[in-house]
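Both complexes shown next keep subunit A, but they swap its partner, so subunit B is in the first and subunit C is in the second.
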Partner chain A sequence: MRQLRLLALGWAFHMKMLMRSAFNSLLGVVYPLFFATVAFFMFRAGDDPKPLLYASLGAAVMGIWSTTSTSAGAAMARERWHGTLELLVTAPTHFAFVLLPVTIAMATIGIYSMVATLLWGWLVFGIDVQIGHPVAFVLAIPATVGSIGALGFLLAVAFVRFRQAWALGNMLEYPVWLVCGFLVPLSLFPDWVRPISWVLAPTWGINAIREAALGGSPFADIGMAALLGSAYTLLGILVVNRALRAARTKATLALT
Partner chain B sequence: MNSTRVFFIGGLASYRALFGWLSPWVFIPSLLVAPIFQILLFVYIGRSAGLASDEFYVIGNAVQYAAIPCLFAMTQTIAGERYQQTLGYILITPARRLPLFLGRALPVVANGFLVSAFALVVGGAIVGIDVPASAYAPIALVTAVSAFSCTGLGLVNAAVGFIVRDHSVLSNIIFGLLLVFSGANVPLADLPGWMRAISDGIPFTHGIEAARRLADGQTLVDVGGLVAAEALIGVVYGAAGYGLVRLMEVLGRRHATLERA
Partner chain C sequence: MAVVEAENLRRTYRTTTGTIRRRSLEVEAVRSVSFEIGEGELFGLLGPNGAGKTTTIKMLITLLIPTSGSARVLGHDVVKDAHWVRRNIGYVFGGDRGLYERLSALDNLRYFAELYAVPAREQKGRIAELLELVGLTGREKERVEGYSRGMRQRLHIARGLLHDPPVVFLDEPTIGVDPVGARELRGTISSLTQAGKTVLLTTHYMFEADQLCDRIAVIANGRIVAEGTPQQLKDRVADGSVVEVEVYGIEDAQVESLRTLPGVTSVSVEEREQAQLLVVQTAPGLELTHAILGRLDGVGVGRVTSREPTLEDAYVALVTAP
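Here is the complex of A and B:
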């Protein structure tokens, strides 16, 4: 119960902090809109404008990944810059419960981008997204946000040894948009790309949102997103335990 | 003679300082890997949309990606100095401002050109586009002119950095606008009229068009007008940027706000 309270308070606290940052809030909303606009123009001008609806839903979720990938890589390093890392690590609560709400808050900020992209597509490009299964749609969004936040958590702890972790996080923005099928169907990619897509939660998250919106069956995708999110969290906890033990042994917690 | 020294030595020192933070750990993922994935992203969207050839997207995105080094590095010349608390020392020197700021722009142009050229070669090789060997040198020239043009816009952005604290947000927004308006991914004919009018006045539009025509077999003479237009846009933005930098410097001194964006 205490852990749940900590997760909820940490999430609310970091949401407030992120919303004060122009980089995380304003840019997080606006930046994916540029890519969505280009994609909308391309699909509208192309041979077959039908994929426009497909792209609209995918573009809406792009922001959730963008806000996470560009910030999560440096989430742990940021605490180091602020001089708060040692305090957080020595707190009686496991450090994972401190870091996980940070990356989930980053993913949650992406919901603003999602709403903005859907509105942009509707107002400017006339893309009318009817939600086929509203309940499933409402379930798919937190499953996607949670699983992407968990992936961000894994990135944050995996990149802990790199001083320039933010650059590695930025680098992953386009590849995940690409291989998770945000804007183009996975069938267009070579076969060797598919297994990479399957182990990435955003693939299942975007599938769930699309299926829910288009009236399909999203529950298996929601389940897979939740399952992968849990796996990332467990893996992240193992990595963070190892990283912290090594840092304490070598007295390098404040160093990179 | 002193101005020449300030131009070259100052520019080189600034460029080396830039690499104080632009280490290989930043340079490789941000400026070598990311443009390749931007190219692949739009190549696959293009294949899905059935709009244009792979070559169209490789050239468009490779040239346009020069915006990242050109915009960010130029902004860093002002915002970076303020962050290091050295802006006041630079602006108090009696050195002439034109060589001081243009000297910092020259390495940025070179960096932007290298990033574009790398993306063009590697992205083209991965996707498998066919560009005639006779077009390599003219395309390299067009890419360099486009990097110069965007560095001019970067100087305007740097001037705004005097009064805007979140300069990275502004640079990202300009990058996004260039992506939409420059015709890197959407043929200009498919953009609304008001967008085409804007496209004509921004960096990359003419350079990308010239590079595509060169790849399709036209000569440098055929695209001379486009290259000249791209260069002219760079000169206009550069002059405007320099004027704005001087204005912001004067205003910063008058109101004692140099360090207070």
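Here is the complex of A and C:
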């Protein structure tokens, strides 16, 4: 019960903090619209509306991933910079319950980017998102957002251990766009890329959303996204104390 | 039973130099530090910047794992029993950092109350009580970014006491705070032991240690060089005398030369605006003013005074000893 309360209050606390910065909020509002615009221009050639819908959904998930990967790194860098990371570590709470609300808050902002992208496509580019399986679509969104949030949590564990790991979050942003097939179909990539795609939850998440929207069979993809998200969370909980111990040994919790 | 025990604590850091040819260096920040703090005692760890105070405190509060040696808080090992130790200690550090500035003091305290497992029904009352203690009642809804350094520091203290820990670690809590704010903070710190808490305070302000601490350990270059009550430390130099000479452009070689003068126990140089103040401590019963001036050949000399030693002189003698 205490853990649930901690997750809920931690989420509210971090959401409040994220939304208090006018500059961050502006970037959060504008970035997904840039992604969407680039994607729409790339796929606009031809009269077939399907590629545009494909791009629209891809851009929506790109926004969720970018928010989570870069912001989780930035959030940990901020905690370290402000000296609050050490205080969080000295709190008598399992550190997973300190980190999870941060990444869940990031993923929540990612949901905005999804809605904004779809609205932008509809209003500016006239893309009408017809959902083939509304129920499956509604299930696919939390499964995708949750699994991406869980991947962000796993990254955050690394960010706690390594001072410069925030750069890893930035570095992973674009490769994941490609490897998970947000904009380009995976069939265009060499075979050796496939196993990397399979272990990344966003691959299954975007498939699930597209299948649900285009009227295919999304349930296996939803299941895989949820399964991988749970695996990331479990792995994060298992390794977080080890990462913390290493950080305490190597003295990387503070800037100096 | 000692509430805090440090036994031969040692901590090294590995650091690298160079860009292409990277070399790894090992820096020894704390070298075999041992001390004990009794129940309800306010114990001061006094030393200059870089002496190892913060590293020692970080090992005691479970943020750093000692390279060797051990430490216990209320009988629990800080490495093996870190979770238990965290539940029973409060940690407050000095400076601007350690707060969520975009949020209010109340937001900060509520969040940490949750992290420190303060029961939900007790949180409101506890936060109000602490805001009153540190004099922030009525300002708690303002964003922390608008707080003065002194207000932030008082908020830090409130945060560190949220879960009512029996042991409190204060790492340079008055650093950078204006004199009035620092005096108020010292009053708050003093009230902690009256409330039955055991306190470890690190500081490099002599008068602060003298005013607040029951016992002081002086740390220099990662080692404890003296330990005792403020009076015991003063007594170490009480029999000698201090010669202060205002000088202009003294060279390091001349300072070294003064150190070799028979009867001189310590030499330090304080930078003043255009001049330097040379402070020479001498052994009891000796009049060395002429001998000192004799070694200042070619140096501009201003006012020369002789006085009784203070606790600060005892401290300077300890931390500048070779």
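Convention: the second predicted complex is superposed on the first by the 229 of 256 C-alpha atoms of A that agree within 3 Å, B and C clash if a C-alpha of one lies under 4 Å from a C-alpha of the other, contacts with A are read in each partner's own complex, and residues count from 1 in each chain.
Assume contacts are C-beta pairs under 8 Å (C-beta built on N, C-alpha and C of every residue); 3 or more make two chains touch, one makes a residue touch a chain.
On a predicted model such as this, the values are computed, not experimentally measured, just so you know.
Using the contact criterion defined above for the overlaid structures, shared-chain residue A:Arg5 touches subunit C, although it does not reach subunit B.
By the touch criterion defined above, A:Phe41 lies against subunit B but remains apart from subunit C after alignment on the C-alpha atoms of chain A.
Shared-chain residue A:Phe23: touches subunit B; no touch with subunit C. By the touch criterion defined above, A:Thr93 reaches subunit C but does not reach subunit B.
By the touch criterion stated above, A:Ala251 is placed in contact with subunit C alone, subunit B being left untouched.
Comparing subunit B with subunit C, more residues of subunit A are touched by B. Touch criterion met: A:Phe13 reaches subunit C, while subunit B stays clear of it.
Residue contacts after overlaying the shared chain place A:Trp122 against neither subunit B nor subunit C.
Against subunit A, the residues of subunit B that register as touching in their complex are 23, 25-26, 29-30, 33-34, 37-38, 40-42, 44-51, 166, 168-169, 172-173, 175-177, 179-180, 185-187, 190-191. Touching subunit A in their complex are the following residues of subunit C: 13-14, 58, 61-65, 83, 86-87, 89, 91, 93, 95, 97-103, 107, 110-112, 114-117, 120, 159, 163. Residues 2, 5-6, 9-10, 13, 16-17, 20-21, 82-84, 86-93, 98, 245, 248-251, 253-254 of subunit A are the ones touching subunit C in the complex. For subunit A in complex with subunit B, the residues that touch the partner chain are 22-23, 26-27, 30-31, 33-35, 37-39, 41-48, 51, 55, 162-164, 167-168, 170-171, 173-175, 177-178, 183-185, 188-189.
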